[in-house]
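Here come two complexes built around chain A, the first alongside chain B, the second alongside chain C.
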Partner chain A sequence: MISLQDMIKEALGNNIIKIEDNKGYIDVVVPLEKLKESAIKVKQLGFDHVKSVTAVDYIQKKQFMVTYHISSYLNEELSRHVLGLSTFIDRDNPHIPSLATIWTSAEFQEREVYEFFGIIFDGHPDLRLLLLTPVVAALKPLRKDFVVKEDSINIEVDYAAYNATKWW
Partner chain B sequence: MEAGTASSGSGIHLPGMEIAKASKNRYEVMIGPAHPGSGHMRIFVEVDGDIMVKVDPDIGFVHRTMEKLAEGREWIQNIPLFERIAILDACNITLPYVRAVEKLLGIEAPERARYLRTLLCEINRVASHLYGMGIFGVFLGHSTLYMWAFGDREVFIDLAERLTGARLTHTYPVFGGVRRDIPDDFPEDARKATRYMRKRLNEYAKIFLNNPNIRSRLENVGVLTKNQAAELGLVGPNIRASGIRYDVRLNEPYEAYGDVDFEIPVFEEGDSLARAWARVEEVRQSLNIIDQVVTWLEKHPRENFMHEKFWKTAPKLYKDVYEGKISYSPKYRIKLMPIFASLKVPPGKSFARVEAGRGEIVYYVESNGDIFPYRVRVVSPSFRNVIAFKYVMPGHRLMDLPAIYGSFDYFPPAFDR
Partner chain C sequence: MGSDNKEKKEERLNLLYGDLDTVAKMAKESLIKGKIAKMVDWATSFSLWPVHLMTSCCGCEIGAAWGPRFDNERFGSLPWVSPRQTNLIIVEGTITKKMACTLRIVWEQMPYPKFAIAMGSCALDGGIFYNSYNIVRPWQVIPIDIYIPGCPPRPEAVARSIIELQKMLKNKSLASKWILESKREDKKYIIPKEDLCGWRGEKVDLTTRYD
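Moving on, here comes the complex of A and B:
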């Protein structure tokens, strides 16, 4: 019985930068230009759907990490495992090839990452905003430099300015 | 897409529906967001005659920025936050988050806590399916089923209240265990509820699923083949109705699911009726699980529902009440362990999945060792089901829209998060 890690190593060959057994999934990091090629190879192994498309903002390294969590429905052996196909992209030029043409299930998820991080998925069949309005999406809310302003519990009132508006 | 009025003649205005001409012989119909059958979402439908040719779900009306909010809250505060994804399925929805954080902490809940979590998960699953069936009934104009299902759901919500103290947002599973143990007379109530529900399920089949009116609207409508369902990445009873044998409880058993005995109902037809049947059969299995878990809990001593690491920091009052030294009285305000407030989670990445009522829910949690999470990604079951509307509905009549919509048990707040 060949282990899943070996199977993936054999299929992807030297495309892999790093492969590690994380908690709950196996993370495979591939370079950006090999992402699409690797995805096609992984799909041929039997990983037939995308569970989640995630981006993480590493603001100090000026990078985004994009992870596709994929698994299988039709192959019962593979369905026990979750594979993370990750790649790092430049934060100032966030372009990544879309995998929605390979896995239809990634279509809506890529649209969501697009609006929350401003990452552009090249070749996506229908890249539009999904949840947010154009005004909010322009702020790219899930990036780390977007800080949520919280209201203070103390109401700050400028009494001088307030009194100046009154006749007394 | 401008709203026409009846007087101008450029379009037709109906309450809750706007119709505009898209091209020759094609009209765009907007269903929602204030339509009684759409929930908090809008569906753009392009119709040719009354055949849908293009369907575009427009969602996000109840988006609450949960992933962003989670980055500014302590680990424990995120549990009540994520519950709001789908309050009627609160235990299933928050459990993968708790499990993902437990993986990072390197702890595992004690055995009794695992059974208690399983118990509430199944109670939630029954309540969630009954809710879905009730809404499905009212979509098809079958208001009796709606009344029945919502009435019977109350039984299970009461059970959850007996167990946790809250009807809907229980915050029951916490890191390392659960918040409290079962009351002494709980097993008897649970058995009474399951006995009642088994009897009712047969009546549901009689009045709804075997009703000729309903069957004629559901049979061979919205058919999904096995490969299509896998390609679209749908979840839950929807794929099991299309012949895919996938359930996280089976494929990657968590909590006590490895030890209890249950079956996964799988149907081959893949139509709306099969999806409705899948839910009814799942309720039956859940009732079996509740019975088994309650029996297990009765047989075993009431101890260790919280991991030792956290339990030893519990306030004295908390311990005394649970060890039976003093009897509980409502005047006590029993709080959680203070260690949770300053909990720091070791750096790392983790991923957890759980079978919620509507399907699989997954969390990706990343920590950099701070008191806040660095990134939390939630993919709720409805998020993965909504894509079906775009690909399954075209080709059907507009009349079939509620029959397909309802059969997927789609819940907009769960999508929008």
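Moving on, here comes the complex of A and C:
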């Protein structure tokens, strides 16, 4: 019987930069230009949905790593595995082709990555804010260079505004 | 003496002819002096209906508080679905910036006299999310009457807060004064500083609304 790692190696071929099996799931890193192409090939293997889309901010390398965690509902063999499909993109110009047209379940997750990291998914059908208000989303709060303001126990509270509300 | 009698006669005549201003004045006086004001406070204190606005984990405790074991319905309060038929809002835990917009809209929809209880340490001052970029304190959005500390507070604490609110209502006659003057004197009208809903750009008439 052929193992999953060999199956993926055979399907993706030269597209793979790095493949790891020691994380509890198989992690594949592909170049940005061949992301969409390899996603289609992975889908043809039987991986039919995206479990999560996430990003990692490598601020010193000036790169983002965007990861799609992919699994299967219909194929019983593949449903036991999770496949991580990642790619590195430029931090100053964060554009990535959207995989929402290949897996519909990626659409919702990509919107979340868009508002928290400011990564723009090209070709996404409906790229709007999901959880944050426009003011907060402009800060891109999950990037490493975002500084949380109140970072001590001494909280800066606007007591003048608070006193205006009390009446006792 | 004669002039007083004349005035009284005039008042009666006004009543007969239907002078609206005089009648309204007399009705208002009878409300202030009479026992109707007290009755309004009594009736309001035993019909505090909170609206369902489960924003956070304190919502579970609210479920328990109105459940069969702790039965808060014996105080005359009943959780209700629509803000239009309710007069109490219980802020259950964290309010994110997006939810603050909803909270404000729900508050504006409720008819006065209306009251607010902030429940849990998140609603007091942020709780475990005190330095988060995405929360607001509920007192920045709506005027709060009673705070319940705890993470989460016990259902008994919720029952106590409702009893305290009933006492406050009766002692300070909040409801009847609110109805008479159509605004609340002891509290300022709060407008959130930050543009939570993204509507600040449009013209919103805030002068005609009351707390």
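As a working rule, the second predicted complex is superposed on the first by the 149 of 168 C-alpha atoms of A that agree within 3 Å, B and C clash if a C-alpha of one lies under 4 Å from a C-alpha of the other, contacts with A are read in each partner's own complex, and residues count from 1 in each chain.
Operating definition for what follows: contacts are C-beta pairs under 8 Å (C-beta built on N, C-alpha and C of every residue); 3 or more make two chains touch, one makes a residue touch a chain.
From a predicted model like this one, the values you see are computed outputs, not experimental measurements.
Novice: With the two complexes superposed on chain A, say which partner A:T54 touches: chain B (first), chain C (second), both, or neither.
Specialist: Only chain B; A:T54 stays clear of chain C.
Novice: Pick one for A:V135: touches chain B only (first), chain C only (second), both, or neither.
Specialist: So A:V135 only meets chain C here.
Novice: What is the contact status of A:S105 with respect to chain B (first) and chain C (second): first, second, both, or neither?
Specialist: Touch partner of A:S105: chain B, not chain C.
Novice: Looking at the overlay, does A:V148 come into contact with chain B only (first), chain C only (second), both, or neither?
Specialist: both
Novice: Using the touch definition from the top, say if A:R80 reaches chain B (first), chain C (second), both or neither.
Specialist: Touch partner of A:R80: chain B, not chain C.
Novice: Please determine whether it is chain B or chain C that touches the greater number of chain A residues.
Specialist: B
Novice: Mind sorting out which residues of chain A both chain B and chain C touch, each in its own complex?
Specialist: Of chain A, residues 131-132, 141, 146, 148, 150 contact chain B in one complex and chain C in the other.
Novice: State the interface residues of chain B toward chain A in the complex, per the touch definition above.
Specialist: Touching chain A from chain B are residues 59-60, 63, 65, 67-69, 72, 100, 103-104, 226-227, 229-233, 239, 244-246, 251-252, 348-353, 360, 362, 364, 366, 374-375, 377, 379, 383-384, 386-387, 391, 416.
Novice: Per the contact definition, I'd like the list of chain A residues that touch chain B in the complex.
Specialist: The contact residues of chain A facing chain B are 22-25, 27, 48-52, 54, 56-57, 67, 69, 73-74, 76, 79-80, 82, 84, 103-105, 107-109, 116, 130-132, 141-142, 146, 148, 150.
Novice: For the complex, give me every residue of chain A touching chain C.
Specialist: For chain A paired with chain C, touching residues are 131-136, 139, 141, 146, 148-151, 155, 157, 161-162, 164-165, 167.
Novice: Can you list the chain C residues touching chain A in their complex?
Specialist: Per the touch definition, chain C meets chain A at residues 96-98, 101, 125-126, 130-134, 137, 139-140, 143-144, 186-188, 190, 193-196, 198.
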